[in-house]
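Below is one structure; the comments refer to it alone.
Chain lettering (A, B, C and D) follows the sequence in which the chains are written, and residue indices restart at 1 in each chain.
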Amino acid sequence: MPDRLAEIRYEVALASRMLANEGVLDAFGHVSVRHPEDPGRYLLPRSRSPQLIEPADVLEYTLDSEPVKSPKEKLFAERVIHGCIYEARPDVMAVCHHHAAAVLPFCIAGVPIVPVFHLGAAIGENIPFWDQHDEFGDTNLLVVKPEEGRSLARAIGSHPAVLMNHHGATVVGKDLPELVSRSIFMCDNAKYQLQAHMLGKVVPLSSGETKLAGTINALPNVVGRTWEYWSMRVEQAGMLPPGKSRGSARRPKAGKRKA
Amino acid sequence: MPDRLAEIRYEVALASRMLANEGVLDAFGHVSVRHPEDPGRYLLPRSRSPQLIEPADVLEYTLDSEPVKSPKEKLFAERVIHGCIYEARPDVMAVCHHHAAAVLPFCIAGVPIVPVFHLGAAIGENIPFWDQHDEFGDTNLLVVKPEEGRSLARAIGSHPAVLMNHHGATVVGKDLPELVSRSIFMCDNAKYQLQAHMLGKVVPLSSGETKLAGTINALPNVVGRTWEYWSMRVEQAGMLPPGKSRGSARRPKAGKRKA
Amino acid sequence: MPDRLAEIRYEVALASRMLANEGVLDAFGHVSVRHPEDPGRYLLPRSRSPQLIEPADVLEYTLDSEPVKSPKEKLFAERVIHGCIYEARPDVMAVCHHHAAAVLPFCIAGVPIVPVFHLGAAIGENIPFWDQHDEFGDTNLLVVKPEEGRSLARAIGSHPAVLMNHHGATVVGKDLPELVSRSIFMCDNAKYQLQAHMLGKVVPLSSGETKLAGTINALPNVVGRTWEYWSMRVEQAGMLPPGKSRGSARRPKAGKRKA
Amino acid sequence: MPDRLAEIRYEVALASRMLANEGVLDAFGHVSVRHPEDPGRYLLPRSRSPQLIEPADVLEYTLDSEPVKSPKEKLFAERVIHGCIYEARPDVMAVCHHHAAAVLPFCIAGVPIVPVFHLGAAIGENIPFWDQHDEFGDTNLLVVKPEEGRSLARAIGSHPAVLMNHHGATVVGKDLPELVSRSIFMCDNAKYQLQAHMLGKVVPLSSGETKLAGTINALPNVVGRTWEYWSMRVEQAGMLPPGKSRGSARRPKAGKRKA
C-alpha cells in the first residue's frame, strides 16, 4: 500500500503539470484523487501552483476537507469543492477545479458549453451552470464554506462537469486519465464552439452521437496514446515532477475503489 | 529497396512530427504513404501520437487495412480511411487524417473552407463536406468500418481534401511534401478565412487564380524551402525522429508509382 | 538600508521580467516602486526593454521625474507618468505603464473594461478612460510633459488603473506583488471580456462581488502562490535577472511607507 | 568597404530572423537592403526561409533584379518586388515582402488597415491596396514579371507599405531598423484593429496624431531599445545567424545613401 500511495502522489503531481502544460490550469486550479483504499478520504496538494506540485506536496484529507495530519503548509481555500463532490458522488474518483481561459468566456456570457466534436462528447449532453449568487448573494466567488461546496455538488448532479458563474469549472472523472482527457477536451470543445459561433452556427452532436462518442476517451487505444503524449510534452518542457518512479510516465492503473 | 523503405519510414515519422509541430496534428491524427513498389500496400504508424512516431513504428498494410505482419502493437482504429482512399484514388500517394483546431470550427458550423490566399489554393476550388450521419445515423463519429471508409473515399472524389462533420479533415497528396504543405496551408487558409469573415467579407480566389496558384506548393523552389523550414523547426524543438539517415532532413524523393 | 535598496532593484528587475514573460510588457512599458524610505523619490529602470532590465539599470528619481544622479544612460521619455502619480497618490507604492495586446482593442474601440471574473475584480468596479486629445489636442500620444502626467494622474483618481486612448494602460498598486497580479489579471479580464462579448453578452460582477473578490489577490495564500509561479516561469524561460540575492524569488516584503 | 558589406550581410540575416521570430515572416517572405555604396544595386538572400538565412546567403542584384554574379543557388521568384521599388523610390533603403497572419485577413476581406495606436502610426495615414487582378487578370498571384513589380511599385507610391489582394504586404523603410519596427508594428496594429472591430468600433488616430506619432519608432531612445529587444529574443530562441561580428547585435548604422 505505501508504494501505491507514493505512486498516486506522483500521478497527482504529473496530472497537475499536464493540465498546466496544456493550458487548463495556470497559477490556480487543483487536482485531487479519492484515496484508493479508503473512500472516505482524498488526496490533494497543498496550496501551490499546479505546475510546481511535487509528490511530497500531496496531502490526505477527510471528506469534510480537514487534513488528516495537521500540516505546516498553507492549504487550498477551495478544498471543499473536492470533499463535497466525493461525498455526493461515490462513482467519482478524481476532481479538477480550474479557471481555464477557454471556459471563462462562457462563464461570463452565461452561454452553455455543448458537445461539438467527437472528443468533446466526453462532457456529456449538457453541462449545468451554477451561480453562487443565487443561493449565497454577494460573495468573493470562492467556494470556501461547506454549504457552498454542497451546493456546487448538488448542481453537478450526475454530470461530468459544471460551469461556475464568473469563476471557472469543476470536472470529475472515474480515474485520473479520464479526468485529464475530459478537462482538456472540454477546453478544446469550448474554443471550437466559440469559433463556430463566430462563423455563424453551432451545431451540437446528436444525443445518440454524444452517448457513443462520449466513451472514446476511455478506449485503451486512446488512453494510452493521450497519456504518453501529454507526459512527453511535460517532459519536453523540462517540467516532470521530481522522484519519478519507474514507468510512472505510463498510464496509471485505474484507481479502482475497493469497497 | 530495403534502404528505400527505411528512408520512407523515417520520412513518415518526420512528416508526422512536422505536422504536429505546426499544429495540424496533436495527440491524434495520422500520416501514411503508399508503398513505393507495391501500389496495393501502404505504410502507416502503429497507434501513437504523431510527435512520438519513430521509423520503427511504421507498419505495412494491405489496402483492406490489414497489417502485413500481425503486430503486437495497438493499431489506429481509423486506418480504413487510408486503405479506402488508396483503393479509390490511384493518383494518391500520401494521406493525412487530422482534427486540427483551425478546421474544426468549419466542421461544426457546416461552413465550407474556400481558397482565400495564394498558398491556400492548394486545397482546390471547393472541399467536399462529409456527414457520416447521412449514411450511418448515430455513430461515435470514428471511421472504423470498411463501408465508412468507402463512403468517405466517395465523398473526397477527386478533391485534395474533405471536411468531416464534427470530426476533422482528411487530406491527400501525390507525395509526402505535397501532403504536408497542403495540410499546413489548408489550416492557415481556414484561420484567415475565419478572421476575414469577422472583418465582414470573405472573397475567395477566382477559379483561374485557384488553378494557377494551386501548383505553387509544388515548385521546386518552394518545396525545398518549406521542407527545410519545417524540418529545422522540428529540430529546434528537439523533436527529430531517432535514426536520422544522412540527408534525410532534405526533401524526400517523389514517391513515384512503378506500375 | 543599502541592502534593502539592492533587494528592491532586484525586485523591480524581476517584476519587469515577469510582466514581460506573461505578455503584459514587450519592447515597451515600465515598472517603478516608490523609495522605501523617502516617499519623495521613486525607483525606475533606465530606458530598456523590460525583459532585459538588470538591478543595476534601476535608477532613483525625485517626484518631478529628475534622476537623482545625472546618469549617462538614456531615460524613459514617459517617466512623468510615475512621478505625477506618486505625487498625487500617497497610497500608491508601485506603478506600471504598458501597451498590452489584451487592453489595446479596448483603448481603440473606446469600450470600458469591467470586472468579469473573480480575479478580474482586482481592477475595481470601473476603470477611467483618459483621452490625451481632450486636453492637449494632436500629440504623438506619449506622456512626456509634466502637465500631461498630471492630467493622467487626475484621470486615474483613486482607481487602480486607467485606460489611455490609442495608447495602453497605467496600473498602480500598494506594493509590487499587488501591481504585478493586478496587471496580469486585468489583461486576462480583458481577453475574457472580448470573447464573452463575441458570445453575445458581457455580464460584469455585481458591485458587492467586485468589492469582496477585489482583495483575493492580496490573500497571503494567493500572493505566495502567484509570485512563486510567475518567478518559476521566468526561470524556466532562462530569464532571471543577474545577481539574484538569496531568497529573492520569494515574495518581496510589502513596501511599507515609513512616513 | 568589404567590412561594411560583411556587416550588412549579417544585418540582413539578423533582420530576417527577427521578423521570423516575431511572426511577420514564416517559411516565406524576404528582406533586402539597398547597396550602401551603389544605389543601383541591392542585397537580398537566395531562396531560403528567413529564419535560416546566413550572411553568406545574401547576394547582390542590379535593379532589374539580375544577380551580379550568376549564382548556383535558387533565387526568390519575387525579387522584382525589391528591384522595382528601389528603382521607383530613391528614398527607400530597405524592403520587406511578407504573408503575415496578421495582415492576411485584411488582404482577403478587402478592408484597409488604418493606424489605431501610437506605434501603428508608423504605417502612415492609409495603406494602398493593390489588386494584381485589375491589371493582369488571373495569375498565380506571385509578383514575378517586371511589369508586375512596376505595377506594385506604382501602387505603393510614396507610402510606407502596400497591401496585396489575397497575398500579403510589402513594407519599405529608410533603413533596416525602420523597416523591421514598421513591419512589426503594422502587424500589431492589424491585430488590434481586428479585435477593436469585434468590440464594435475602430477609431483611427487623427491625421495630426498619425504624423506626430509616426516618427516615434525612429527616436534614438526607441530604436536602440527595440533592436536590442528583438535581437535578444532571436538569441533566446537559439537562432542568431552564424558569424556574428562584434557588436552586430547592436543597432546597425543608418544605411546612408552616398550619391
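Throughout what follows, contacts are C-beta pairs under 8 Å (C-beta built on N, C-alpha and C of every residue); 3 or more make two chains touch, one makes a residue touch a chain.
This is a predicted model, so every value here is computed, not measured.
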item	value
Copies chain D and chain C - interface residue numbers shared by over half, same or different	different
Longest centre-to-centre distance from chain C, chain (CA-based)	B
Turning angle required so that chain A lies on chain B, C-alpha fit (0 to 180°, nearest 5)	90
Chain B and chain D, separation of their C-alpha mean positions in angstrom	33
Chain B-chain C separation of Cα centroids, rounded to whole Å	47
Residues of chain D touching at least two other chains	198
Chain contact topology (line, ring, star, complete or other)	ring
Chains that touch, pairwise	A-B, A-C, B-D, C-D
Residues of chain C that touch chain D when the two form their complex	26-28, 47-49, 51-52, 74, 77, 99, 101, 104-111, 133, 137-142, 166-168, 194, 197-198, 237-239
Residues of chain C defined as touching chain A within the complex	116-119, 121, 188, 191-193, 195-203, 205-206, 208-209, 211-213, 215-216, 219-221, 224-226, 228-230, 232, 236
